[in-house]
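Right after this note come the structures.
You will see chain A twice below: alongside chain B first, and alongside chain C after that.
And then the complex of A and B:
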């Protein structure tokens, strides 16, 4: 890999317009990445998902060079119908469209040559990889007292022009005081066997509200890593929902720093997996000051040969009295080859806190199936009804009604 | 309508029903009484198609071999089991469940499926008859329902589906007197010359409200005595232990 990545890096430097300073910085990140390479199971964070092996097994040799000099045509059929929205369209990692038609343009700022200041955990080699190779980093600022009228949908599309590639994306969001943003990430992959590495950083000022819905629904053979860092000031709220179902491998990491009083973070997720799929969600909620709250609910439905993992960490600083932290994970194993791993981690240094966690897994309840079948439903209908019922309360946690209904339709949930 | 010939059932080498035979004709109401562990629930489970029993013998329902039919096919043909312990199904709306169930059965019978409006009209009417809180129809199936509400819900389902053979497995247990009356009314409304009932109970009390044509005493997996309604009274007086 080392030779390949260095050659690809040189090629990028030659063909792009990065300043000398940028190149130096990128080189530094490249070397940092090369020190450790892709994460392996030896790292605690990666004990359930050995990314190095997964890439080796599914992709083999990765190529790190992407030619971003020519635009791709945007296929409008991928756009969500029936929901007015703003758009950012990525195709194979290249930004093809930025469209905020529904918004007051004085109230948002889009900066496309944002210089990334690395504030994120620096022992993550994937962040170094991302910093070394990201082509363009957008920063979107929502100004004081402004709420986006319509949701922003970020389309992550790939097409069959690429294969065995590494794609790196980075977006930075700043939500100023009293502002709010509804953000949907929609993954739509036509390409196979790529490794897609996504970093988002959110900065939530006082009273800001972020709702981020990540929808990975379309079956695809890609390997995806996505990292959300969320910084939260006083009274801000973040809500993250993950539908983890489409990719071959996917790991979502959500890191929340609750550093303002009365800030709160909600993380809810659904894994719905089958044949050989392997997904993980890892969360770290850092309660750093008094009176903060976090709530997490993760449910898995796991078919044959599929595997999900949930690592949920709640950290409570010694200053963070009156913390309220909660996490629960449940899994239905549909086959004896299905596997669910849960690792709750509570690290608490304050004494006046309310923290709890729970995890349960099991097969579909045969008595419930018998009950439904005795009312004339066939086995398949009964099974689907039970699974829908099991997943429904996670979807019900989505606080935006419009998007909740969208998600329900997408996954065929009926009320 | 239902012919049970020499039915034996085992669970893990434990014999539960032994050479059990019973014949139910259209329009008849049969009560089976017996102490705990006599095989009453096993009988109702087997008739509805629950798996996990080793079975020999023969059961015919309108001349169909019951053992060749899946659980849902038995429901389609008109067998209904009111559960002793109705299950809580989280996340499944009671109305949606009822509609899915009713339409699955109507479809199997070649009848037109009901649309949302027709369904709601019917379910509201039935709920009113049974004094079943309509608000509960929008709740998750049996979740947070009291014991009595769950049993009423079973009878509501029964009256929606209007089965040919209804098996009531200890429907009276956990019911107060008012609820018992409502449930019995529900059953009596459905009584006709075509519909039959198999009522499984510990107590004679229910039979004050639903007059059976036949009473059978089940002990150790066998019917030890059959007779008319007076048998239930005799049983109530003597108790199971002294009955032989």
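And then the complex of A and C:
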């Protein structure tokens, strides 16, 4: 891998217009990545999913060079119908289209030359890889007191013109005071067997509201890693919803720093897996000041040969009195070959807090199936009804009605 | 105050803080093959035992000290420890209690276990361990009548080599983790229990451990075998004298339950926790593991952990036999600068296996408490279930309480439920108690005892009373 990555890196540097300083920085990150390589199960955070092995098994050797000298055609068929929205379209790792037609242009600032600052304390080698290879980092600022009228949809798409086996992308959002943003990430892949590495950073100022919905629904053979870092000021609210069902392997990490009083974070997720899929969600909610709140609900339905993992951590600083933290993970195992792993963790240094977690896993309740069958449903129908009810619980947590209906339509859930 | 008075003052803080001057026979300082041969030789062990030790030592040399635990400690120099120390009077073994070194007996008296009286009055057979060698075993006759073997490990190696050879190292093999392997190489003594088929042990078996000589790491090895259809309840309780230097204690406890057998293992651990500033105290790095080998077998661990500077242990159950049951009840209390990283592992291998975990953690002062547990249901363990509940209570904002459960479910027929909460004693509860005339300390004691009740109930009578008192004493000075 080392040789390939180095030659590809040189090639990228030659064909792109990076400043010398940028190249220096990127080299530093590349070396940092090479020191550790892809994470293995020896790292606590990757205990349930050995990424290094997964890449080796599913993709083999990675390559990193992509030819960006000509623009890709945007395939409009992937756009969501029946929902007016703003768009950012990524194709094979490059932004092809930015469209904020529904918004007031003075109120949104888009900067395509933003330097991402590495402020994550833990040594995440995938962030280093991302920093070394991202082509451009966009920063989107929503100005004071402005709420986007329509949601922003980020289309993550790939097509068969892709020449590398690895895509890195990065977005930075700043939500100024009293602003709000609804953001949908929609994954739609035409290419197979890629490792896709996504980093988002959100900076929420006072009273800002962020709603992020990540929807990975279309079946594809890619390996996806996505990291959200959310910094929250006083009174801000963040809501993250993850629908994890399409990719072969997927890991979503959500790191949330509640730095302002009365700020709150909500993370909800659904895993619906089958046929050799392996997905994971890892959350870290850091309660750093008084009176902050977090709530997490993750549910899995696991079919044949599938595996899901949930690692959730609530950290409460000794200053963070009156914290309210809650996490719940539930799983239904449908087959002998399905597997569920969880590590719901509490790390608490303050005494006046209310923190709890719960985790339950098992098969569908035979009594409930019996009840439904005795009322005329067949086995399959009863099973589906129970699973729908189980998952609907999470979908109902979506606070935006428009998007809630969109999600329900997408996964075919009806009330 | 002159120095003498100060010393006395210091001793007062810790009820069991004293040490007896008995000349020690010591193995030379350090850890090498010669020391292991020395230990084996002085205990007149057969060759297979020495081979067992050497094999473990070979493995130990390749192992690295683990470092993933939450409580960190200064590096231990394993070459700077004595691996064998025995009270001198042991050279010619006394035939009865009366022959014991009077000084030894005096020590037990201070500990609250006058052998003769206690043995007779309580109906408990006491195998008291002073430093690393068992001194006296009482009530042997009554047990022998039933065919029960309850003796020191060294005696068992001499008298029952077949049993020891068959079972020693089958639950904790010589190829296990760092501290367990160290123990396999250098263990000095411990208890051995064998309950024959169909026998219900008529009394609670009990051992008091005590660390004495300074700079002596104590390496106990306990092996309990419950043969088909038998039952035994085993008590273990510990106190240790006051020391400034940290003392390492790395014991191994192996339990084996065959078909329809049940083992109940209870621990009250009150070793010296260090002074108010976190100086001194015992490092309690114990490996305890039970194997439910036969069908319908049951192993139950109950522990009350109030002592030690650092407690780092996970009494575990391997549920291999079909329909076997594993239980773990724990109260861990940390105060001042104590640290604890404790919990359990329930490994479900057989069909219809069940496990239950109740863990109560209380942290006060500057202490840190971690519950770390694993529930692993194997794909063959059809229809298994686990229930876990771990609650933490925090007193003050200088301490920490952490919960790190690992849950692995590979079987769709099985159910796992896990719950954890963290909270503090509510003002209302305190107010209510104080209104009725309790002082704040008593009120806290009462509330905490209520919080722990589920676990305290599991202890045998003799221990329950002591444990309840201990819970109160451990939290003294943490209120207000």
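The rule is simple: the second predicted complex is superposed on the first by the 411 of 415 C-alpha atoms of A that agree within 3 Å, B and C clash if a C-alpha of one lies under 4 Å from a C-alpha of the other, contacts with A are read in each partner's own complex, and residues count from 1 in each chain.
The criterion applied here is as follows: a contact is a pair of C-beta atoms (placed from the backbone, for glycine too) under 8 Å apart; a residue touches a chain by one contact, two chains touch by 3 or more.
Note that the structure is predicted; figures quoted are calculated from it, not measured.
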item: When chain B and chain C are modelled together on chain A, clash or fit; value: fit
item: Partner chain(s) touched by A:374 [first = chain B, second = chain C, both, neither]; value: first
item: First (chain B), second (chain C), both or neither touched by A:385; value: first
item: Partner chain in contact with A:333 - chain B first, chain C second, else both or neither; value: second
item: First (chain B), second (chain C), both or neither touched by A:393; value: first
item: Touching partner for A:348 - first (chain B), second (chain C), both, neither; value: second
item: Partner chain(s) touched by A:190 [first = chain B, second = chain C, both, neither]; value: neither
item: Chain A residues touched by each partner, larger count belonging to chain B or chain C; value: C
item: Shortest CA-CA distance between chain B and chain C [superposed frame, angstrom]; value: 15
item: Touching residues (chain side chain A, partner chain B) in the complex; value: 365-368, 370-379, 381, 385-386, 388-393, 414-415
item: Of chain C, residues touching chain A in the complex; value: 68, 379, 392, 394-424
item: Chain A residues within the chain C interface of the complex; value: 44, 318, 321, 331, 333-363
item: Chain B residues touching chain A - in the complex, by the definition given at the top; value: 48-51, 70-72, 74-76, 80-81, 83, 86-87, 89-93, 96-97, 100-102, 104-105, 108, 140, 157, 161
